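Reviewing the structure listed below.
Each chain carries a letter (A, B, C and D) given by its place in the written order, and its residues are counted from 1.
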Amino acid sequence: MDSRIAAILLIYCKDQKGIVARVAGFIHDFGGNILDSDHHTDRETGDFLMRTVFDLEGFQIPREEIAASFAPIAKIFGISFQLHFSGQRPRVGILVSHLDHCLVDLLQRQRRGELEIDIPLIISNHEVCRFWAELFDIPFFYFPVQPGSKQEQEDQVLAELKPRQISLLVMARYMQILSSQFLDQVGCPIINIHHSFLPAFSGAKPYHQAYQRGVKVIGATAHYATAELDEGPIIEQDVIRIGHRDSIQDLIRKGRDLEVMVLARALRLHVEHRVLVYGQKTVIFD
Amino acid sequence: MDSRIAAILLIYCKDQKGIVARVAGFIHDFGGNILDSDHHTDRETGDFLMRTVFDLEGFQIPREEIAASFAPIAKIFGISFQLHFSGQRPRVGILVSHLDHCLVDLLQRQRRGELEIDIPLIISNHEVCRFWAELFDIPFFYFPVQPGSKQEQEDQVLAELKPRQISLLVMARYMQILSSQFLDQVGCPIINIHHSFLPAFSGAKPYHQAYQRGVKVIGATAHYATAELDEGPIIEQDVIRIGHRDSIQDLIRKGRDLEVMVLARALRLHVEHRVLVYGQKTVIFD
Amino acid sequence: MDSRIAAILLIYCKDQKGIVARVAGFIHDFGGNILDSDHHTDRETGDFLMRTVFDLEGFQIPREEIAASFAPIAKIFGISFQLHFSGQRPRVGILVSHLDHCLVDLLQRQRRGELEIDIPLIISNHEVCRFWAELFDIPFFYFPVQPGSKQEQEDQVLAELKPRQISLLVMARYMQILSSQFLDQVGCPIINIHHSFLPAFSGAKPYHQAYQRGVKVIGATAHYATAELDEGPIIEQDVIRIGHRDSIQDLIRKGRDLEVMVLARALRLHVEHRVLVYGQKTVIFD
Amino acid sequence: MDSRIAAILLIYCKDQKGIVARVAGFIHDFGGNILDSDHHTDRETGDFLMRTVFDLEGFQIPREEIAASFAPIAKIFGISFQLHFSGQRPRVGILVSHLDHCLVDLLQRQRRGELEIDIPLIISNHEVCRFWAELFDIPFFYFPVQPGSKQEQEDQVLAELKPRQISLLVMARYMQILSSQFLDQVGCPIINIHHSFLPAFSGAKPYHQAYQRGVKVIGATAHYATAELDEGPIIEQDVIRIGHRDSIQDLIRKGRDLEVMVLARALRLHVEHRVLVYGQKTVIFD
């Protein structure tokens, strides 16, 4: 990625003539240069989705006025849009259980500069990941889940997220089901990593289910969390071959590597604003 | 594969000490040479499964007496066993609908010498594959399925299979559900190719289901047909990546290539006696 | 793919401001609707490459005048462009040896409507593929290669290609090296399938080389043929895992499946005008 | 893996009748139970390679006398053998440069119990990995490589390895070429991770070479280091797809994930005594 600041414009509307010309014209008329542009028309639903990246160097509209300047065009075409800038680092909160493999991987990628995010806090229902939080100087909160205390615990989580202006929440093997009240109140998207190839083996203990069924391939799925469990829009999936020699422990071991990879890729896609959700599905501009 | 005749011994029993030594001893004592041997112990169920290939050159027991000679050892250990010989060409019946891609692929592999099978007949509920049957000089039977005539049609199929001593039936995209009576009477294993990654998207129109769900990977599954639909032991599975640009037609196109590959690999594994079924699962000696 | 006729515009020039706006504006000003558009800027070389598909329904310039109408814009930006129409079926000549697996696969895909091409002739240095040519009613020419007769044989090939206005030549495991004179005179692109993961194992007998080296993965590469052997721009590559149990015959068998897939995908990409060559490399708009 | 102690017997000899029976008989006669056994005969070279795991519970020969007891059988068949025990933790030295991704991954896997090894030291020609060594309480040695000081530096490395009885050395992206004197003196196998699909792109900057060539797939190779650079026996390889949108930085990023996976798998195979080297190649018993 270039070090120069670029604007990333995400557009969603019903398909109609002239959208690309109008958007490209807007950018060109004010001195912008399109660095990357991709769009997709869903022929079945008639939805039009577009991602355009343009260089801000020499662009005649100041950053903070671009959205307002584009609004009249959006109104004509009935466009919903998001405008992001390449320098902005999303503020990502992480939820984790006692399984640390996804967490450590994300911390390493961030440290290495591969994921351009800030991580203002890590919240867990176990103590074991405090080690990593302290190593990387990230505030850590231990909020255990007791029988009957789920709502209270979720309120504790929300109370820490809110003042930190979290723009994305990542469930890095959190292994708790978030209530629909939580989802309503959190105010930012949530990415979950499910340890199976959804929709196969949804629910608990998917590796045990896969072992029982004798499948030859296992998978992992990163998706946005929604009120319907394991039904949110899928961002990324991948699989690995297994055989009869693999015990459940081997499935868990191979699955860990998959989960790490699939979550890291999904997070990168989200952070670079390459994901557009429409209906139950996603468009990935990669 | 060598041109010399080899015996292939498949063994299934409860795990106990000394099985490998006893089987290897039996082969060695009569002058056989083990070419390949592999076994698997399922630690959870305590099942022991083994495949041993030995050279018949210089083996002091005639082919037709080997099974009887091994029977006392089998009795001691409570072993179920199958004995095959590498020169035997299985007699494979093919069921097909109007979709010819798997059929043509199997015929090509057989013609090329890659699949060492005989194909004594092809049965279809459509006329379109007659072309291929005639090209390859294989008897073709057209038994259409009418509403209410399913049992009658299955009887027609059985009547052609029986006199031809079919040792394996392949559903090469047959797209009909076989009744449990048919399964009881057919007297040989049946391999089906399902056009999804089972257990995801079982049932009808899996590519449409995959498209609606927005998955990033689709699969195909070759399995033995059992009375419970899509629940038979899995022989082989594979997957391919898809994206939002892929229409349902693209999924069907990519899926065809997957189905062809997965069915061909499963058939090869079965024909080379590399598959052992136990419970709902398979062991693949490959 | 839609049945309506669409124009496919491929553009290549040095990157500069306003290209996307100008091209999209041209299409919109004359009543066209962009169905799909993708571009790529190579930051290292400063090359700009673009593929735009637009609906011709309601477009106010007749098909045969579009190129001329676009020429002034092309001149301003120094653009090289190609203009294709979705109804046009490329005329594809096939060169083949005695190995028929890629040939049969391409014929099947064409017959099934998956590859929208015409095949006016098949040329071989062996007789064995005449069977398939006759089955599919395609003229077949047998031009054997004798020691010392290579140029003469190539002249025979050229003499049959020229009057048939071939727009693409496919080497479907032809296993002959084309001379640079032939490449100069043929007047159309040539796609070759090489049975290894180029640049590894270029030259003869790559599966034997792979076996000797003990690699764990083998590959296949579809590329445009150029005067420098095995050095042409790569269109598609894929791989498959192998192990120590695989003999050279197994490598050849697994490789056949790879070759078939990789060539079919490359051909589809070319036929749908999704490949742009620049320098030694390709951009794939898929 | 079971917690009970098992013996792992690796055998290499010329193929001959009765080896399996004799080895299995030896184990059975003294009360052992074979848990897993696999062998491979290379038909081209006539080499026989075998790995047998047997339970020591109830085995009538004490651990320290098993090798001597087996020696007469080995002599009869001309067998070279290794005998390992499942409880033994290999002592693994790690060489690393300033790139820490493979190192951190190995340390995590060890900490998590996935890799049953001890790591008595980490040696680097840079200071940056000291952080990780100290975090995991592992002695760290910084031996920079100066122009002309290579031999001296290698002597420093050897001086630290020797007293610690290292049984395996891992080059976790060390990026230095070891001299043949060093290889002669080190006295244990060395595993290197090369960041390409060998034999393609051997030598320096393979990702740059891959980018220049425009390949569609990149790979990584874990192999034993030998005096001939990049020519040692291959343990594991894997690949990932790339496209024209991927810059060299993207190749490096995707490659890091591959290197981590391929090295971790190779190390696990070695540590579990699943690799047998013969000639330039390996047999992997997995």
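Here is the rule we use: a contact is a pair of C-beta atoms (placed from the backbone, for glycine too) under 8 Å apart; a residue touches a chain by one contact, two chains touch by 3 or more.
Given the structure is predicted, the values throughout are model-derived calculations rather than measurements.
*Asks:* Comparing the two chain pairs, does B-C have more C-beta contacts than A-B, or is it the other way round?
*Replies:* A-B
*Asks:* Can you tell me which chain lies farthest from chain C, using the average of the Cα atoms as each chain's centre?
*Replies:* D
*Asks:* Measuring centre to centre with CA averages, how many angstrom lie between chain A and chain B?
*Replies:* Centres of chain A and chain B (C-alpha means) sit 42 Å apart.
*Asks:* Can you work out the whole-Å distance between the CA centroids of chain B and chain C?
*Replies:* Whole-Å distance between the two chain centres: 37.
*Asks:* Give me the residue numbers in chain D that touch at least two other chains, ranges are fine.
*Replies:* 43, 245
*Asks:* For chain A, which residues are in contact with chain D within the complex?
*Replies:* Checking each residue of chain A against chain D gives 1, 101, 104, 108, 112, 114, 135, 245, 249, 253, 257, 261, 264, 286.
*Asks:* What residues of chain C sit close enough to touch chain D in their complex?
*Replies:* 40, 42-44, 197-201, 212-217, 219, 233-234, 236-239, 243-245, 247, 280-284
*Asks:* Can you list the residues on chain D that touch chain B in the complex?
*Replies:* So the residues of chain D touching chain B come out as 2, 17-22, 24-25, 27-29, 31-39, 41, 43.
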